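Both complexes below contain subunit A, partnered by subunit B and then by subunit C.
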Partner chain A sequence: MYELLKNLGTWLTSGASWSGSDGITHRLAEHLQYSLLATLIAAAIGLPIGLLIGHTGKGAFLAINLSSFGRALPTVGLVVLVFLAGGLSMLPVYVALVALAVPAIVTNTYAGMTAVDPDVRDAARGQGMRGHQVLFQVELPLALPLIMTGLRLALIQVVATATIAAYVSFGGLGRYVFDGLAQRDLVQVLGGAVLVAVVAVALDLLLSGLQRLLFRHRTA
Partner chain B sequence: MNRRTVLGGLFAAASVPALSACASGVTSLDGSGSASGGGGSSKGGVTIGTANFTENQVLGYLYAAALKQAGVKVTVRPNLGTREIVIPALKSGDIDLLPEYQGALLNYLDPKATAAEEGAMQNALTLALPKGLQILPYGAAEDSDAFVVTRETAKKYGLTSLADLKKQNGKLVLGAAPEVKKRRVGAVGLKDVYGVDLKEFKSLDSDGPLVKGALKKGDVDVANLFTTDTDIEANDWVVLADPANLIPSQHIVPLIADRKADDTVRKALARLGNVLTTAQLTELNRLVDKDKKDPEEVADDYAKRHGLAE
Partner chain C sequence: MIQFDAVHKRFPNGTTAVHDLTLEMPEGGVTVLVGTSGCGKTTTLRMINRMVEPTSGTIRVGGRDVTRQDAAELRRSIGYVIQQAGLFPHRTVLDNIATVPLLLGWNRKKARARAAELLQTVGLAADAGRRYPHQLSGGQQQRVGVARALAADPPVLLMDEPFGAVDPVVRAQLQDELLRLQKELSKTIVFVTHDIDEAVRLGDQIAVFRTGGHLVQCASPAELLARPADDFVADFLGAERGLKLLSLKTLADVPYGPAPEGGAWTLVLGEGNRPLHWASKETEIPLRPLKDTDSLLAALDESVASPTGLVARVDADGVLTGVTSRDDIHEHAGAAHSEARVAA
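Take a look at the complex of A and B:
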C-alpha cells in the first residue's frame, strides 16, 4: 500500500507524466473540454425546459419524469448504443453526458421556479407586467441560486463521468483509468481517478465561490 | 464399457497414494520436492473454474463432461473473472482445474517470454508455472489473436498477410483493446517484426461490439479479434496471415493443481483435446453467443455427439 502511494506520488510529480500528447496537461485539457461542452449543451436544453414548465406550471410531470429517465439510463450502454448506430465519433460520448446532465438542470430549475413566492408573482402581474417580463425580471432572478445549484450538480456528474470518452478510444483523464486497467498498471488507474476527483472538487469549489459572490447581497 | 471406465478410474485413484509417496521421496533428493509433490488424486472430486467469457465457460463444461464420463465427481464454478482472480483461486485450492490458453498463460506468468511455437511454449510454460500447478498436454483447438480486415480493405490494398501492411505505412488505423497498444502482439510487434507504421491506434474493446462495429463501419482498417470469433466468417472478414510467427500459439491447455492431476483426469482431457477442433469450438461459441443457448447444455450436447459422455 505504502509502495503504491509512493509510486503514485512519483507519477503525479514527474515532469514526464505531464508533457506530451499522453501527458496530464493535455488529458486534463481534453477532459475539461468534454465536460464543459457537454454541460453547456445540457444547459441549452435543460434551462429553457425548466423555465417553461416552472413559469407555465404545465407539463411538469411529463418533463421531470422524462428527464429523470435520462438519469436512469446506464451511461456505458447509451455510449455503445449510439456508437453502434452512428459509428466512431465523439457523438456517443456527448449524447451520454448530456443525458446525464439534463435531469439535474431541469429539476433544479423547475424547483427554483416553483419556490418563487406566489404573492410576488401576483404583485408583478398586478403591476401590469407581461408574461415574459414576469419570467425574466422576477421569477428568473429569484430562482437563480437553485438554477446555479443544478448547473453545479450537472457539471460535477459530467466531470466524473467524462472518463467514458476513453472507452471509445478518445482522450481525457479516463485514458489513464482504462489504459491502466488494461495494462495492469495500478498507479496509472489510481492517478487518473485521483485527478478526476481533484478536478471535480476544484470545479465545485470554484462554482460555489462564484455563486456566493454573485448572491452575496441575499440572505437566503 | 461404462462400468469398466468407472472401475478403471477408481483403480487409478486408489493407486495414487502409493505413487505419490514414492514420487515425493524421489523429488526431495534434489531439494525441490514438496511433501505433497508428485502425483495427485481426483478421488475427492474436481472443481473446475472458468474465466468470465463465453468460450472459457463452454470449455469448462466440456472438461466437466469429459471428466464425468471418466467417473470423476465434478463441480463447475463458471464466470469467476480474469486471470488475476482465477489463478490465485487455483493456487489457494478454491478451484482445481482451469481451461487455459498457451500464449496468454505464458505471458501472464512471464511477460518477457518469447516462445511462440506450440512445443516450445509447452516447455516454457512448464518452467514458468509456480509450484503446485501443472499443465496437461494441449488440445488441437486454438483461440489466438488475429489481425482482421474487411474483404473490401483486403482487395483495395492487396492485403493477405501482416507483411503486406508495410506497403500502406502511415495510412492504416488499428482498433483493439487498450492493452494492445503496448503489447508485443499489437502495435509494438507489428512495428518490430513487420516494420508497420500505423496511422493511428484506437483503444476500443477486446473482440467486443466496439471494435467489431468500428471495423464494420470503416472507422478502423485493421481490428484485433480472436480466431474463434463467429463474426469473422459471418461478415466475410479476412484474417491476415502471420508468416513471421509474431502471434504466439494459443492452443487450449488444461491448467491443473498437482493435487488433482492423476491418470484418469489426464486421459479424459487428452481425449477431449484430440477431438475438439477450432472450427467446432467456434460453432459452440456461436450457439451460446448468438442463439443464446446455455453453455452447459451446448457442452453436454457436443460431448454426447462425439462419444465423450454417455
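Take a look at the complex of A and C:
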C-alpha cells in the first residue's frame, strides 16, 4: 500500500507524466473540453425547458420525473448504444454526457422558478409587466442562484463521468484509468482517478465561491 | 370613476366569487370593500386591473371597458398595492419604485428622479433608495409598495389589504399617511380589508360583501353604522357600532368653557399653558388633551377617565383653550346619532 502511494506520488510529480500528447496537461485540457462542451449543450437544452415549465406551471410532472429518470440512466450503456447505432465518433460520448447533465439542470431551474414568491410574481404582473418581462426581469434573476447550483452539479457529474470518452478510444483523464486497467498498471489507474476527483472538487469549490460572491447581498 | 355593471365571476371549480355585482366607485373617493374571507372582495378588486377576468358583465374605468384594453397597458395605468408589498427582492428600493415608469419607456434618469421624489412623498429617507427590500421593516416595505403604485401618477389605486401584515401601531401610522396623501392627490382608491375599523377610518363609501360574492350594502361609514341593512351587516360592524359612529365626528362643534377653580381637583398647567394632569391633595391623574380634530369617541373616552368628567381642550400648538363637560360630549354624541339616522 505504501509502495503504491509512493509510486503514485512519483507519477504525479514527475515532469515526464505532465508533458507530451499523452501527458497530464494535455489529457486535462481534453477532459475539460469534453465536460464544458457537454454541459453547455445540456444547458442550452435544459434551461429553456426548466424556465418554460416554471413560468407556465405546465409540465411540472416532466420536470419532477426527469430527475429520477436521469439518476436511473446507465451512462456506459448509453455510450455503447449510440456507438453501435452511430459508429466510432465523439457523438456517443456527448449524447451520454448531455443526457446525464440535462436532468440536473432542468430540475434545479424548475425548483428555482417555483421558489419565486407568488406575491412577487403577482406584483410584477399587476404593475403591467408582460409575460416575457416577468420571466426575464423577475423570475430569472430570482431563480438564478438555484439555476447556477444546477449547472454546477451538472458540470461536476459530467467531469466525473467524462472518463468514458476513453472507453470508446478518445482522450481525457479516463485514458489513464482505461489504459492502466488494460496494462494492469495500478499506479496509472489510481493517478487518473485521483486527478478526476481533484478536478471535480476544485471546480465545485471555484463555482460555489463564485456563486457566493455574486449573490452576497441576497437574503438566505 | 369605476363602474361595475352586473358583474359575475365563477371560477373553473364552480365556486361563485362575485354574484351579479353592480356598484359605482366615485372619482377621487375611497371605496372600501369589506367582508369575511371568501366573500369575493379581493376578486372584485382584481377584476378592475384584469388580474381576474369576469365571467360576465362589464367593468369600466373612466368610462372605458377594461376587457377591451390591452391588459398590461391597463395595469400600468392603475396603481396596485398588495398585502406583503410584493417588492422585487433583487432590485433596490429606488428601482422597485421606478418599475412602471421604466415599463412606460421613461429613460432611467427620469424614472430614478421620480422614484426619489416619491420616497419623500411616502415619508422615507432618501438613503433608503439604495437599500434592498429585505433591509427594510414591514411598514417601510409597505410604504415602498405605495410609492411604486404611485410612480406613474395613475388616477386609480387598488389596495389589497395593504396594511394587513403590519403591527397595529404601524398600521395606524400608515392609515394616517394614506389619508394625508389622499388629501393631496385625490386618487380614486379601491381598498380591500377585513378590518371594519380600518374601513370606517379610511372609507368615503364602504361596500359590505357576504360569502358567495353578494354585495349586501354600500353606504357612507356614518350611514352604514346608523342603519345597517340587515343582521349580517350589523354583526359585521360589531357590538360597539354606536361608538364607532362617534369616531367619525370631531370635537370642532362641541363648546368649551373656562377651567374650574377651587374644586377638589385642579387642572395643572405646564410651561406655555399646556395641560399636564389633574391634581387633588392626595394624588395626580394623567390626562390626554384633545384638539378640535380629535373624535367624539376620543373625547368620550377621556371624559370617562377624567376625575372631574371634564376634558381639556387645546389648540394645534397644545395650548389650553378650555374644558368640555361630559354632558356636552354626551349631548353631541346623541346628536351625531340622530343626524346619521336622518341622513340615512
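Assume the second predicted complex is superposed on the first by the 213 of 220 C-alpha atoms of A that agree within 3 Å, B and C clash if a C-alpha of one lies under 4 Å from a C-alpha of the other, contacts with A are read in each partner's own complex, and residues count from 1 in each chain.
Assume contacts are C-beta pairs under 8 Å (C-beta built on N, C-alpha and C of every residue); 3 or more make two chains touch, one makes a residue touch a chain.
Small disclaimer: the values here were computed from a predicted structure and weren't measured.
S.K.: Based on the superposition on subunit A, does the combination of subunit B and subunit C result in a clash or a fit?
M.R.: fit
S.K.: Tell me the contact category for A:L66 with respect to subunit B and subunit C: first, second, both or neither.
M.R.: Neither: A:L66 stays clear of subunit B and subunit C.
S.K.: Looking at the overlay, what does A:F83 touch: subunit B (first), subunit C (second), both, or neither?
M.R.: first
S.K.: Between subunit B (first) and subunit C (second), which does A:Q133 come into contact with in this model arrangement: first, second, both, or neither?
M.R.: second
S.K.: A:D122 contacts which: subunit B (first), subunit C (second), both, neither?
M.R.: second
S.K.: A:F178 contacts which: subunit B (first), subunit C (second), both, neither?
M.R.: In the superposed model, A:F178 contacts subunit B only, not subunit C.
S.K.: Once the two structures are placed together by chain A, how many degrees is the angle at subunit A between subunit B and subunit C, based on Cα centres and rounded to a multiple of 10?
M.R.: After superposition on chain A, the angle is 150 degrees.
S.K.: Going by the contact rule set out at the top, does A:S169 touch subunit B (first), subunit C (second), both, or neither?
M.R.: Touch status of A:S169: first partner only.
S.K.: Of the partners subunit B and subunit C, which touch A:L142 in the superposed model: first, second, both, neither?
M.R.: A:L142 sits against subunit C, while subunit B stays out of touch.
S.K.: Once the two structures sit on chain A together, report how near the CA atoms of subunit B get to those of subunit C, whole Å.
M.R.: 52
S.K.: Please give the residue numbers of subunit A that touch subunit B in the complex, ascending.
M.R.: 80, 83-84, 87-88, 166-169, 175, 178-179, 181-184
S.K.: Under the definition above, what is the set of subunit C residues touching subunit A in their complex?
M.R.: Contact set of subunit C toward subunit A: 49, 51, 72-77, 80, 82-90, 99-100, 103, 132, 134, 145, 148.
S.K.: Within the complex, which stretch of subunit A touches subunit C?
M.R.: For subunit A paired with subunit C, touching residues are 117, 119-120, 122-130, 133, 138, 141-142, 217-219.
S.K.: Residues of subunit B touching subunit A in their complex?
M.R.: 84, 175, 177-179, 181-182, 202-205, 209-210, 213-214, 217, 219-220
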